[in-house]
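Got a structure for you, written out below as structure tokens; questions coming shortly.
When the chains are written out, they are named A, B, C, D, E and F in that same order, and each has its own residue count from 1.
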Amino acid sequence: MKGFITFGEIMLRLTPSYKNERILSSNQFSVGYAGAESNIAVSLACLGNEVEFVTKLPNNPLGEAALASLRQYGVTTKNSLRGGNRIGTYFIEIGSSIRPSRVVYDRAGSALSAIASGEFDWTKILSNKKWLHLSGITPALSKQCAEETILAAKTAQDMGVKVSFDLNFRRSLWPNRKSARAIFDNIISSTDILFANTGALKDVYDYSFPGKNKEDQTMLAMEKASTVFGIAEMAFTIREHQSASQNKLCGIGYRNGNIIRSNTYQVEVVDRFGTGDAFAAGYLHALGREWPLKKSIDFATAAFAYKHTLIGDVNTSSEQEIEVIMEGDLSGHVIR
Amino acid sequence: MKGFITFGEIMLRLTPSYKNERILSSNQFSVGYAGAESNIAVSLACLGNEVEFVTKLPNNPLGEAALASLRQYGVTTKNSLRGGNRIGTYFIEIGSSIRPSRVVYDRAGSALSAIASGEFDWTKILSNKKWLHLSGITPALSKQCAEETILAAKTAQDMGVKVSFDLNFRRSLWPNRKSARAIFDNIISSTDILFANTGALKDVYDYSFPGKNKEDQTMLAMEKASTVFGIAEMAFTIREHQSASQNKLCGIGYRNGNIIRSNTYQVEVVDRFGTGDAFAAGYLHALGREWPLKKSIDFATAAFAYKHTLIGDVNTSSEQEIEVIMEGDLSGHVIR
Amino acid sequence: MKGFITFGEIMLRLTPSYKNERILSSNQFSVGYAGAESNIAVSLACLGNEVEFVTKLPNNPLGEAALASLRQYGVTTKNSLRGGNRIGTYFIEIGSSIRPSRVVYDRAGSALSAIASGEFDWTKILSNKKWLHLSGITPALSKQCAEETILAAKTAQDMGVKVSFDLNFRRSLWPNRKSARAIFDNIISSTDILFANTGALKDVYDYSFPGKNKEDQTMLAMEKASTVFGIAEMAFTIREHQSASQNKLCGIGYRNGNIIRSNTYQVEVVDRFGTGDAFAAGYLHALGREWPLKKSIDFATAAFAYKHTLIGDVNTSSEQEIEVIMEGDLSGHVIR
Amino acid sequence: MKGFITFGEIMLRLTPSYKNERILSSNQFSVGYAGAESNIAVSLACLGNEVEFVTKLPNNPLGEAALASLRQYGVTTKNSLRGGNRIGTYFIEIGSSIRPSRVVYDRAGSALSAIASGEFDWTKILSNKKWLHLSGITPALSKQCAEETILAAKTAQDMGVKVSFDLNFRRSLWPNRKSARAIFDNIISSTDILFANTGALKDVYDYSFPGKNKEDQTMLAMEKASTVFGIAEMAFTIREHQSASQNKLCGIGYRNGNIIRSNTYQVEVVDRFGTGDAFAAGYLHALGREWPLKKSIDFATAAFAYKHTLIGDVNTSSEQEIEVIMEGDLSGHVIR
Amino acid sequence: MKGFITFGEIMLRLTPSYKNERILSSNQFSVGYAGAESNIAVSLACLGNEVEFVTKLPNNPLGEAALASLRQYGVTTKNSLRGGNRIGTYFIEIGSSIRPSRVVYDRAGSALSAIASGEFDWTKILSNKKWLHLSGITPALSKQCAEETILAAKTAQDMGVKVSFDLNFRRSLWPNRKSARAIFDNIISSTDILFANTGALKDVYDYSFPGKNKEDQTMLAMEKASTVFGIAEMAFTIREHQSASQNKLCGIGYRNGNIIRSNTYQVEVVDRFGTGDAFAAGYLHALGREWPLKKSIDFATAAFAYKHTLIGDVNTSSEQEIEVIMEGDLSGHVIR
Amino acid sequence: MKGFITFGEIMLRLTPSYKNERILSSNQFSVGYAGAESNIAVSLACLGNEVEFVTKLPNNPLGEAALASLRQYGVTTKNSLRGGNRIGTYFIEIGSSIRPSRVVYDRAGSALSAIASGEFDWTKILSNKKWLHLSGITPALSKQCAEETILAAKTAQDMGVKVSFDLNFRRSLWPNRKSARAIFDNIISSTDILFANTGALKDVYDYSFPGKNKEDQTMLAMEKASTVFGIAEMAFTIREHQSASQNKLCGIGYRNGNIIRSNTYQVEVVDRFGTGDAFAAGYLHALGREWPLKKSIDFATAAFAYKHTLIGDVNTSSEQEIEVIMEGDLSGHVIR
């Protein structure tokens, strides 16, 4: 058994091409294709892993382009379905300094959200795979997407495929937090590795934690999550939003009761989208490599930080590029 | 009473920015906002008329940008509504030579298609207006859109506002041609000026006409349409598709039993979208000016031809620019 | 009586398209249309106000494009004249870090600067308006422009239209400071609201003020200005130029003897042009809303800061976007 | 046994981004990756076939980007090697009207040209494949490339893999035509399907053929080639260069003594590079589909013509898009 | 004595960057620097000649960029002056098919037009030069420019420097044709080589010539011009404007009573600006090479035709590129 | 004797056009031409000096474009040779924050590296020149380049032309540091002015220096270098790499035993390439002006800092622009 599977929605991402221009006055959009789970697939592929992405996309040039954008990095897509009416779309105005980034979603009615029961044969899809990654976004897309996510997780669990879950909560996609909680509980019951942060736990489970700073609060949160959810492996991000252009970052890893904090990075933000996905991909890569917890959380956090310096949702960096950061060379010295 | 009203959907138009590139491999899209009725509004405004466009658009930057794109040309939008979920979107690959242009529509669920009964107060909207233009696209968007279009036409008729109707048939938007016919009949019963071509009459009404060439067939079609629909004013286009880059064009006008053919234009095609709308706008402008039939159809056809040389859906040309063409100066002599 | 009028010159703004490229080596310019008073008109429109801009522009596509750029945001232009020889033009190299921005003006002989007496009918233009905004740039363009600005101010005063004046001093446009002073005195005598800063007062009136910091100096300046000019409402900006990329900003408001300082903002500069106009527009918006002084100066200063993060001269932000900043959320958190 | 293998060099293609600009004054280049054999691989993949491309590329981002450009279309690259010093590069000025296109090659010392004996294990690479495609360019790159091409052909022949060969002669890459002839003879002795045209036969073998037009000359050439080379399946192109913007095209197919001519296409040229490759790919696709000779040559020629309308070296069209052309619909009617 | 001098104005040329877009809706302009005489200087330099361009430009980055644009091609500028207020500017909408190109000039008040008497030391400038080229545009810019042009011509004549003059008439720059005639007569009295066409002779001198076609009319015109002006060497262009995209071209040369017509070229037009300058430069180059009349007019006309295929005002082609056209290879065959 | 000569390689520089995009996913490259010695030539020319650049470039449009890029700034190139196979090329991914910039070199086999003995006639080239600048890069290109560099230095020394040498060490171009040392020793023996930094001395000569900070270490290094190499004039840079986006800079000058440190600059980095060349050019300019040591090192360091704010390898700033920085105005105040 080897290789990763991720399952979810990949969308058309449109951003004003001219830096710091607004949607209102833009007459050119830069085109990308991205989604939480496909971002992780791309990053894992760029790190040298075998990865497959499973989704459904319309049978038109936009659906084809979305798949092509993944295949170019070596992600395979042979179990992705074609059909349905449209590709989910989102528009980003990338913020700067005190001006926040703004996302306009237009994803209702997407091909994946409109799947029917039985379209994916999970037993076949998961055969001979080692890892399945899921996120909290897919089950929010539609009732069938929620059921499909749960089914994928259960099938994986039954087949001995390790399940990772990013407890990603998009408020606008759920009727209320309760509905999310019910479904997340179900997925988490089949989950081996959990990605989250205190904000998401607060949003979905209304947990809040004392502690003099975010690190302490996060550690408490992870201990609580371990107890409540019965999960032995977790990686949480901590992000201090200084402005749309400056973030301070770290990560905390938890494995079988041990808890370790990574170095902290101060980064100037080029594009903050997909950074959480870069973190998760970095951690999954570390798991695949069977690295110790310290190295795992350090690598994931270095990937997290590195992604902030790249335009677009996907972290295309190599293992070596991240290792340089992980080992503390933040000098920006030219590599010739 | 003065000025024009057009009612319909304006969409986000996305086209690969790099000429002759395909959607599949494009990473930049040129952005426009267009629709049959809004195109006519823009052209009428550029020709010097007072025009208002009525629609519904989502309350987000894309909806705002669509309105801004109209206002810049002087089209007013004060009765347009804001709300709903999304802006209809379409993607164009502009063809060349033997390769046809291709459109991917993603317009289901747009704000206008999802209107409820009573959102538009037609009596108020149409007060003091002289002309209302409608097309066959809007009633195809949803049941309520069909009812709204009929209501707008009836209200206009009752108020003495002249109604023009472009018998525009988008096959993919209708369950079948019968459903279109029923609604079109209803609209046509309130119509004063009809725009169409033999292809649309064939598609919707299954009419076909003998005749040794398209001109003869079209003239027969117009006589038939006048009899059947009881319409005294009509303008039809004739287009010979030589390739995606070369078209031969003319127009035929009908007024109270008189029928006149315009000059024929051979044009190299820059962007063929919105050319029919340029024709209709040209004819409506001529009506507003109370020009004789010959001048009216000549002006409309010159506008039709001129639009083929402009990128984008909208004909931004002035009355003077079209008159030069109408008067036969096709030399392309530099204007200094 | 309602709505704003601004009067002045709108110019063609050309900037090397490729970031940090110089005019010398640039082969593409980004195109905009801007001017102190039209910037304020756009910002007021984006904040939801009725606004009209009055100017004169050549009867060519550039004049048309300048008006279109305003109309797209909802600014009306029906009293703007067409004629004259050219549109004023300026070229900007946007600076970075220690390299300052550089402007090359080419505005002599513009349509507005060459107006003759009597072209604008101020009584008609100002009827039913509530606010007229003027700046120190327009009277510097030509003798007739100075007379026209004074006439506009006087007519407004007579008609009960409130007059705001931005004491904007462009050294290169005046023979000497004395000539500016004479005309400014004349305008100020009809002014209800004054926008300025200590630098402009120093430049024009040779005032300087003791005080351990810029805030104290500015407050003294405002008190002096109130006494000398007899103006009850003022808003001044304070800007610390740390570099072309980093500025520290605040604003001070004065109303009937009360003086209040806003929060201070540290911003990374995307485009520093038009920021003073964003401040004035924010303050005028607050006056229109009849907000208290504290909220007024806070809103104006938040608008001032926000504009630094947008490319181009105009502040297209909404009331809500500025309120978020005003209320202290500078985290740059993504808005989804 | 199924699927295609192509073997050769893929290069970095750089073209001035601004249409009709020259290399001398261009400050932006559009980037592509292309080569005769990789172009065929892409086209075969877009037509729905399993295809693999075998090459050697440097272990840097340019080598990676070249592979990514193939993978995006579904071409697999698992037997391609990484190493060597550089990627071959070429620069194109695309011509227009009477101005010819111009290519500046910079391909000496490329990774593929510098391979050593034994780097490719052809027995392994060709196992379970049905078709191997080679061209006359690869053996021209270096002595080892010539030996490798011959070895690939021989190994394929031994293993029962069908060999196709495009008798592509790049004068500047050979010391003289004799050296090419010796190697081509060797490859042709293992070839099942030959692609060529009369010009290449003239250049390499000094054959010339009487006949009142190019069609007759080409048919004679094919009969001669069949006799001399003992090849039963051939497809030749005929191109009339009217200008850099207008070409007239047809194709002639030969199978077991039968010879059939395709329709003729008049096309406006967008990008003439890679059109011969589109032809060969179309013919190979037809062979894979086991279509009769008439349909095969018609499809190949339609693909040949269609490619002229696309920017870039690769023909990304689908089977359906080419069939429309093949069936004679050259109207350029918009596909909605 | 060797090398060419040209004297005149170089302007900033701005064109919407996106092909077929209008000034009204363009937010990016492509930047060039061009003028009749500087275009000729560039073309002569690209053909391998020593050339100097003399002008006056403002002391700002735009003036510097204009000079840099010439120096890059090897044109020297050491006698060009710096000072004055502005660089002349023009905006082009490039036409297509039946839509003509449109130029908006904004050149009044340019640095060259505002020169004072005595700024140029023609004796020094012309020392050791062989050829001076002038056009009818420069004397139209201002009274002093007219005097300066005449002075340059007279000084050259006195010093034995050959004078060529392009009888270029820009209607909008002159009060009336009489004023042009008076000055042209003066310049022509010092002219050795005259460039013109029948349209210009008609416009300025009200000459018209019978003849069944443009060639015959032009030959009559040249004979008349030779008699009236006493000029022994002339080269005239003939252009048939089929559309903005298609032109038919030829040239006629006259030397000491011999008159020879060139081949005719049918070209698709990429950019028609500067084509007359390319013709004149080609002819001057031929004079420099001391080619016979037939070769001279053939080369000039081939250069004339070639320029139509290049974007921008300047003909950057080499002698060899033009010779290929002159020798009749219009096939557009790729040069590898 | 006057003016500067620099000798070396100029390369094609390709950078992803879209900011922060990677080579892997870029489909547009910005094009420049640069090299250590040509960068210095351009900067010296922009500062108002007479400069010539000597190199060898292929006889194709890329070689021509490289020369044109220098000529536009006024650098002369009359002794540069044309011929050879290719222009050296490099690709840059410009880093940001913690992500370092990355350079992919593809320069082997360039025209200059492949020169033969005797192609350059140094006695002729250097006649009447005052300064010759060389760097450590050229001798690394090939054995003949090393000999040529030494020959140029020796010839200059013999002719009384002052020689400056930038001890620039590109590890990847040398077999080992010993080989570099041998050649550098040879060049230094003819050198009058040395540019370097402690890193280069460490890399080539294995020198390391105690000292509590970089300033102290650098001063020790300079004293040692003066002693060992017998050089009386030196200028060294000090750079603290805080990140790819933030650098802290200073410079140290040494003249006849006096040693002076410049101000320190904190800069946000736009493009870090060519900054050392800007420093050397600034210092050479100061030497040309015969400024005192303090002013010389201050000017050089201000130029060094200023270049960090410009995109591209070359410092196009004027003397006045650098003086403003040198005099301490880092406020970024707009220059109008």
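Methods note: a contact is a pair of C-beta atoms (placed from the backbone, for glycine too) under 8 Å apart; a residue touches a chain by one contact, two chains touch by 3 or more.
Chains and their UniProt names: A, B, C, D, E, F = Sugar kinase.
The shown structure was predicted, so the numbers you read here are calculated from the model rather than taken from an experiment.
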- Result of counting contacting C-beta pairs for B-C and D-F, higher pair: D-F
- Nearest 5 degrees is plenty: how much rotation brings the CA atoms of chain B onto those of chain E? 120
- Work out the mean Cα position per chain and let me know which chain is farthest from chain E. A
- Copies chain E and chain D - interface residue numbers shared by over half, same or different: different
- Task: Could you grab the centroid distance between chain C and chain D? Build each centroid from C-alpha atoms only and quote it in angstrom.
- Result: 62
- Query: How many Å are there between the centre of chain A and the centre of chain F, using C-alpha atoms for each centre?
  - Reply: 44
- Message: With centres defined as the mean C-alpha position, give me the chain E-chain F separation in Å.
- Response: 41
- Among the residues of chain B, which are close enough to touch at least two other chains? 17, 19, 22, 24-25, 27, 30, 68, 72, 102, 269
- Could you pull out which chain A residues touch chain D in their complex? 68-69, 71-74
- Note on the structure: Contacts from chain E onto chain D in the complex sit at residues 17, 19, 30, 72, 265, 267-271, 305-306, 308-312, 316, 321, 324-325, 330-336
- Would you mind writing out the residues of chain E in touch with chain C in their complex? 14, 17, 22-32, 60-62, 64-65, 68, 85-87, 89, 91, 93, 102, 104, 106, 108-109
- Query: What does chain B use to touch chain D in their complex?
  - Reply: 18-22, 24-25, 95-103, 105, 170-172, 241-245, 269, 272-273
